[in-house]
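Across the two complexes that follow, chain A remains constant while its partner is chain B and subsequently chain C.
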Partner chain A sequence: MALKELSSLEKCLGLKKPNKYSTQGERKVPVLQNNNGPALVGLVTIASHLVHEAKRTELLGNSAEQRAVVQQWLEYRITRLDNCSKEEVKVILKELNQYLEDKVYLAGNSFTLADTLMYYGIHHIIMNLAVQEKEKFLNVTRWFDHIQHYPGVRHHLAPVVVLRNRVYPSGQH
Partner chain B sequence: MKLFVSEGNPHCVKVLAGLEVTGVKCDVQLVSHEERVVPFLNRPVLPVLLLPSGQHLFSPNAICQYLFEVVGKEASDDGNQLLEWEATELQPAVLQALHMLMLQGKSGEAGTVLKGPLGWLEQYLSKRTTPFLTEETVAVADIVLWAALYPILSNSTFEAVVGELPSVRGWFKRVSQVPACEAAVQRVLQGKGLDALKNFLQKQPAPHIQRRDSPSSANATEMEDSELMMTEEEVEVAAQAWSKGLPDCSDSTQKKHPILPQEGKRNVLVTSALPYVNNVPHLGNIIGCVLSADVFARYGRLRGWNLLYVCGTDEYGTATENKAREEGLTPQEICDKYHAVHSSIYKWFQIDFDYFGRTTTEQQTEIAQDIFWRLHERGYLLEDVVEQLRCENCQRFLADRFVEGVCPHCKYPEARGDQCDKCGRLINAVELKEPQCKVCQQTPEIRSSKHLFLDLPKLEGELEQWLEKSMGSGDWTVNAKHITRSWLRDGLKPRCITRDLQWGTPVPHPDFSDKVFYVWFDAPIGYLSITANYTSEWEKWWKNPQQVELYNFMAKDNVPFHSVVFPCSLLGAQDNYTLVNNLVATEYLNYEDTKFSKSRGVGVFGDMAKDTGIPSDVWRFYLLYLRPEGQDSAFSWADMALKNNSELLNNLGNFINRAGMFVSKFFEGHVPEMVLQDEDKRLIAQVCWELKQYIQLLDKVRIRDALKCILNISRHGNQYIQVNEPWKKIKGGDDDRKRAGTVTGVSVNVACLLSAMLEPYMPTVSQTIRDQLQAPAHCARAMLYADRGFLCSLSAGHRIGTVSPLFQKLESEQIEALRKRFGGQQVPSSTVNSAQPKPPAAAAPAVNASVSAADPEKAKQLAAAVAKQVRTCAKCQIKNNPIIITIFPSTQ
Partner chain C sequence: MTKEQVTGAAEEEQQAQSKKALKKQQKEAEKAAKKAEKQAKLAAEQQTADEDDFAKDRYGVSAMVQSQEKVDRTLVRVQELTPHRGGQLVWVRARIHTSRAKGKQCFLVLRQQQFNVQALVAVGDRASKQMVKFAANITKESIVDVEAVVQTVEQKIESCSQQDVELHIERIFVISQAEPRLPLQLEDAVRPETEGEEEGRATVNQDTKLDNRVIDLRTTTSQAIFRLQSGVCQLFRDTLINKGFVEIQTPKIISAASEGGANVFTVSYFKTSAYLAQSPQLYKQMCICADFDKVFCVGPVFRAEDSNTHRHLTEFVGLDIEMAFNYHYHEVIDSITDTMVQIFKGLRDHFQTEIQTVGKQYPSEPFKFLEPTLRLEYREAVAMLRAAGVEMGDEEDLSTPNEKLLGRLVKEKYDTDFYVLDKYPLAVRPFYTMPDPNNPKYSNSYDMFMRGEEILSGAQRVHDAQLLTERALHHGIDLEKIKAYIDSFRYGAPPHAGGGIGLERVTMLYLGLHNVRQTSMFPRDPKRLTP
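Moving on, here comes the complex of A and B:
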């Protein structure tokens, strides 16, 4: 999973030469072998490294504050979202939904690495939501739809259909 | 900027140490553990740093990183890596260990949990030449890891269990001596040692490090399926069953009409939602109703059920009147015209109805009026006055769709009388601002008129009782249950069953002689009247719930009419009607982005499918492959090409063709002798398992999922051929030649089974395979009937026919042309005239190109390509640009 993400991220960043990755441990943590030093371990670490390599550091945030927010959501992705239980999924969706209520992107007004990795990580969850649930987590759905259409992001993942109008408008029948 | 911390919270040690070390100025506020500082998080989380921008940082690591960055110490790859490791590996282990030790008193187990991470850190540090983790001085990683480990390494209980860790201990001591760290510990633990943490730990959800129930299992299970583990016994049982071969099967496969329920048989009545006559059906309609029901009906017949599949066009209602006006015909002429259109489309899609009727028949009037009178006599009808718009100029009451005006909610100027296309809200036609008659543009008046209502509240109790039984014993899709329950939860209201129209079933009551039945009341009765047109003994199906099992297929927008409203009519009529046992509703098949609407005519229509040059079976396959089962799905031309090329051509077609070709080329068209080895038996067992899945899934109407079983079998088959290389072995010695014979024989028998399993999905391909293999006519039925399983149906010596490729490649240019041709028809105005879009003239050459792809020359090339086993790259860069499709309600 993580490896597909990283290769999509490479394409998304416009990196010409694809890197070779391996995984380690039970959790299949990605590892990047590096010619100029020791191997890099961990999805966020490698992803941030790729962003630097592509000279797209704005994707990690434009200010110290924004960089911290980006880091925070990257951490959220790997600690809370990855391998979370079924009950936890609902909590996460609820939290993100509230957080995204007044935001376009995870780190405010510009697109960052946090959006990309959160999108990759949450895709299988959104994919399996019923229409009613998508409506319930409207802000997440809106953000998700936005990110999946952000140029160059989607790559290895299937598009998820998002309906624009409500299926069960209130007060009818 | 403000930092919120709480006492006895180990995470706060991190940030306070970070604050001290960096010397960043910041207010620190002490709050309780339960304080919810971050509004959007579900649980109270601390520490939290409120940034000058008003954003909250709630991750201690991100806070520390930020503090270090403020004083000019930027993140490094090394540092990042350690922080990520801390967050994903160390932190969960530490929390679990603390939980075990402090709350459960299990120090030994707590030590075990920590062994891995601490061992890793020991190794990491032993290789470093610097005194600290990343540099010569204390950096962010040191603070974070040190604080995380503080409760562990400062506690003597752990000393014994975690073992010697010289490098870790040395480093830990160095960091502990930094004054900032000492101060932070003091501030959080207040000199109470680890006991200070107890309160905090109790408030935390029990940590569970072993979280392997990854929800990404959707993909995982698919992969696991292919590596299914079989026991020796299972393999042996499957192989023995196989060797028995086909039984003599006297079951006649010929249908004898009229099909009527039979004692001692499984009597299954299948209906698909009646398509509304005034339009050409959509691909969406087709997959949602008729095609899904067709697959199930074909499957049921293969299984030997006594099954009747009826459908027909729903012909009454305002839309028909409207269409008739538009085309200058009478409603009857419109119905005749479009009924023929529907028939021919379904014929092309090979929908095998036992009877395809229509609702404008005498039987409809008879049965509908009978149900009406029975409801009336039993007091289930109410009278009420309804306000309606009437156009004086046209001399009639305006149905919802005949009015346009300004949406009362969003001010959209072209809102329809039933719904606003812009905001999607439902509208009561009399609420429209500035209403206009759509026919003459005059302003209609509000008039009141007397109508009859079905008293749903009175029937609610009985309905609920029946629903509980039906949902409990039958197969209702999740969405069907959900929608039904939401209707009941909101409480039922009386529903108007009459309309001021001409084109409908007349209301027989003298007080309402100028009215007809509202389509929602009338249309489902069509199931009964269509059956009555098929056989005069229709009541044996419809008034026979003891013997008959009823399956209704539809898209989800039709659910309430089939699960609430129509059952209420039948329950109220009290005439022992057969009510639905299994309600199968699909989600929407549509396009990801654009909103589309029937009145604007955006979408792909059934009659155009055949003009694409793509065979009906391939259409069926792709629509069923993405059948919106459980969730919405989207049609895309590029994906269709991909699935055709990768699944049909390279997987399924390739396998069946190779198996047949080997028999023709290497064994002069005779199935060779088969001596089963372990490997062959394993394949047979795998195939058996997939077949069992297929049957289980289709019994539960999981049509899309069952299709995957077919593709899995041919995947297994391809692998089997690839590994055993019969084309090489045939050139070898005697043993090798025998081996080639067995592999070929088993493969061609798998191909024969595939033809049976394909029958419900791709009837023509299925028949072609059987013709090519000259397989016994009853083999499909024999293997699926009564769970007989996978049998050797082509025994040694059987002569097969001429084998040729089953599928053609869809070229990307061809698909791109089709995409353009069907994708660009955004009709600008919302006039009703645009309901039937024509492809733009400019696309004509592209059409020719697509048709010519089916020419014989091309087929020859393809045959050559298949023979050479040339694999097209499944990942070829076809632009993914799906087209718009939806399923519209077929009852208005």
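Moving on, here comes the complex of A and C:
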């Protein structure tokens, strides 16, 4: 999964030469062996490296505050979202829904790597939500629909259908 | 131990014993003192009771009504206690819903079916202290006759149905006393779930209500639900009679399972066994072949389905229709949907009180429908579901969650709670369904939905004995078991179609309730056989 993400990310960033990745350990943590220097281990590390390589550092944040928030969400992706249990899914969706109530993007006012990696990570959850649940976590669904339509982002992942209008009245949750 | 120690111990024991004895004596003395006090109090009360009770003949427990005499007295219905009767002295028979004594006054709420009114007994020139005490001690749910003056009030009494008047009681007699400990409190049984949760007050769970159905049916909500259900039945009959239908009665003890062997109750029938009818299907059709043209029947339907869901009962009331048509089965769909619309209109226009009463405990959106009724084809429905992200095959039946989602999508797109789904895939329908002439994968069959749940399954029936035999064989049905049925089509049978609805389910969905047991008076399910 992580390898697919990285290759999608490369395409998204417009990097011409795809890198060769390997994995280590039970959890298949991606490893990038560079010719100059030690190996890069971990999805977030490699992703950040790719962003630098593509000279798209704005994707990691423009201001100090935005950069910090981006890092926070990248952390969240690896520590909270990946391999979470069924019970935690509801908690995560609730948290995200509350957070996204007044925000278009996860960090600041522009599209960042945080949006991309969180989108990749949460896709399998959103894909399996029923229409009623998608409406319950309305802000997450809105953000998700926005990111999946962002040019260049969605490569290896199936599009998730999001209805334009509310089908369940708001009292029924 | 030495002797001294022994005696020492014995002495201590003695002392301890005498201490115990002392304590015991003290306790007994206290008890005696309390008893004496109580007796003195009672005596004093007795005295005041025997004191001047000038209202002695204006209250009491009446002798049991054994039709001793014909009393020429008009009892006014609580529903009619309105300001226009202000100042009148009336007799009312009702139940004690609640009573609350406060010093020289006793406030009662008298209840009659869906309506209740506040009543007051106050010490004055008409009522004595003893009378007020008597009124305060009448047990809840007792039936009483009261003579009272109807008094208009300035501030509306929010908690009663009759908000603009109050009864000032001059005479009160108990006609039938209720035992003091009720199996459930009516106020709790009527309390909305949300209020119960928010304010931490008691509500009654469904099983308790069903176990004590007689008391639960007295609540204003239950009264309203079943009056409305009676209305559904009546509107169904009236509408169809006006359309020229004939009401028929079909047998419920039958020799062969009509819908399939699995979900049928077997009864012993003298030396053999028989079955309880799962639907009047076969007999409705035989009536059409017997030239009754348009028939309907209202009667019990028995399904031995071990389903413990919110919408399944083992016995329910089926309202079934069957109609011969001229050239196209849509003539029948139109007739059925028109009947349903007439029922909805009748309920909306004549049962608003009941709908509002139920809405107090179970709030819901008013039922919406279109004229003419919305009719979608199965293929369109599948497309709508796919557009919402559901994956399903063209000939796949709709699962319950998909039906519900479809209901929501249709509501959002067309703003209706009632619609018809036409041209179901042939593979998922019973053997007697007429296949679609243009596409062998589909059939001339339809389902109707209310609030996203199925209420009617119907179709054009196969009226040709040969085709019927083919279809039966195709479904692997034993032809011997349905010989009489197939025979009825051998001597000229008109093309016909029909369908059946469940009375309880329609009432439940019209009112927006969530469990069919609420709309079945004495429900039957795999776990319940009484009351």
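The rule we apply is simple: the second predicted complex is superposed on the first by the 169 of 173 C-alpha atoms of A that agree within 3 Å, B and C clash if a C-alpha of one lies under 4 Å from a C-alpha of the other, contacts with A are read in each partner's own complex, and residues count from 1 in each chain.
Just so we're on the same page, a residue touches a chain if its C-beta (ideal position, glycine included) is under 8 Å from a C-beta of that chain, and two chains touch if they have at least 3 such contacts.
All figures in this text were calculated on a predicted structure; none of them were measured in a lab.
In the superposed model, A:Val131 makes contact with both chain B and chain C. Once the two complexes are overlaid on the shared chain, A:Leu15 sits clear of chain B and of chain C alike.
Within the superposed three-chain model, A:Leu157 lies out of touch with both chain B and chain C [touch as defined at top].
Contacts of A:Val104 after superposition: neither chain B nor chain C is touched. Once chain A of one complex is fitted onto chain A of the other, the partner contacts of A:Glu75 are limited to chain B, with no touch recorded for chain C.
Counting residues of chain A touched by each partner, chain B versus chain C, the larger count belongs to B. Applying the stated touch rule to the two superposed structures, the overlap between the chain B and chain C interfaces on chain A comprises residues 130-132, 160-161, 163, 165-166, 168-169. Residues 1, 27, 29, 40-45, 48-49, 64-65, 67-69, 71-72, 75-76, 78-79, 83-86, 89, 91, 94-95, 98-99, 101, 108, 124-125, 127-132, 149, 159-166, 168-169, 171-173 of chain A touch chain B in their complex.
Here chain C touches chain A in the complex through residues 365, 387-389, 401, 405, 408-409, 411-412, going by the rule given at the top.
The touching residues of chain A, counted against chain C in their complex, run 130-132, 160-161, 163, 165-169. Across the complex, chain A is touched by residues 39-42, 51-53, 55, 57-59, 61-63, 65-66, 69-70, 75, 77, 80-81, 83-85, 87-88, 91-92, 211-216, 218-219, 423-426, 478-479, 482-483, 486-487, 490, 493, 560, 587-588, 590-593, 595, 630-634, 880, 882 of chain B.
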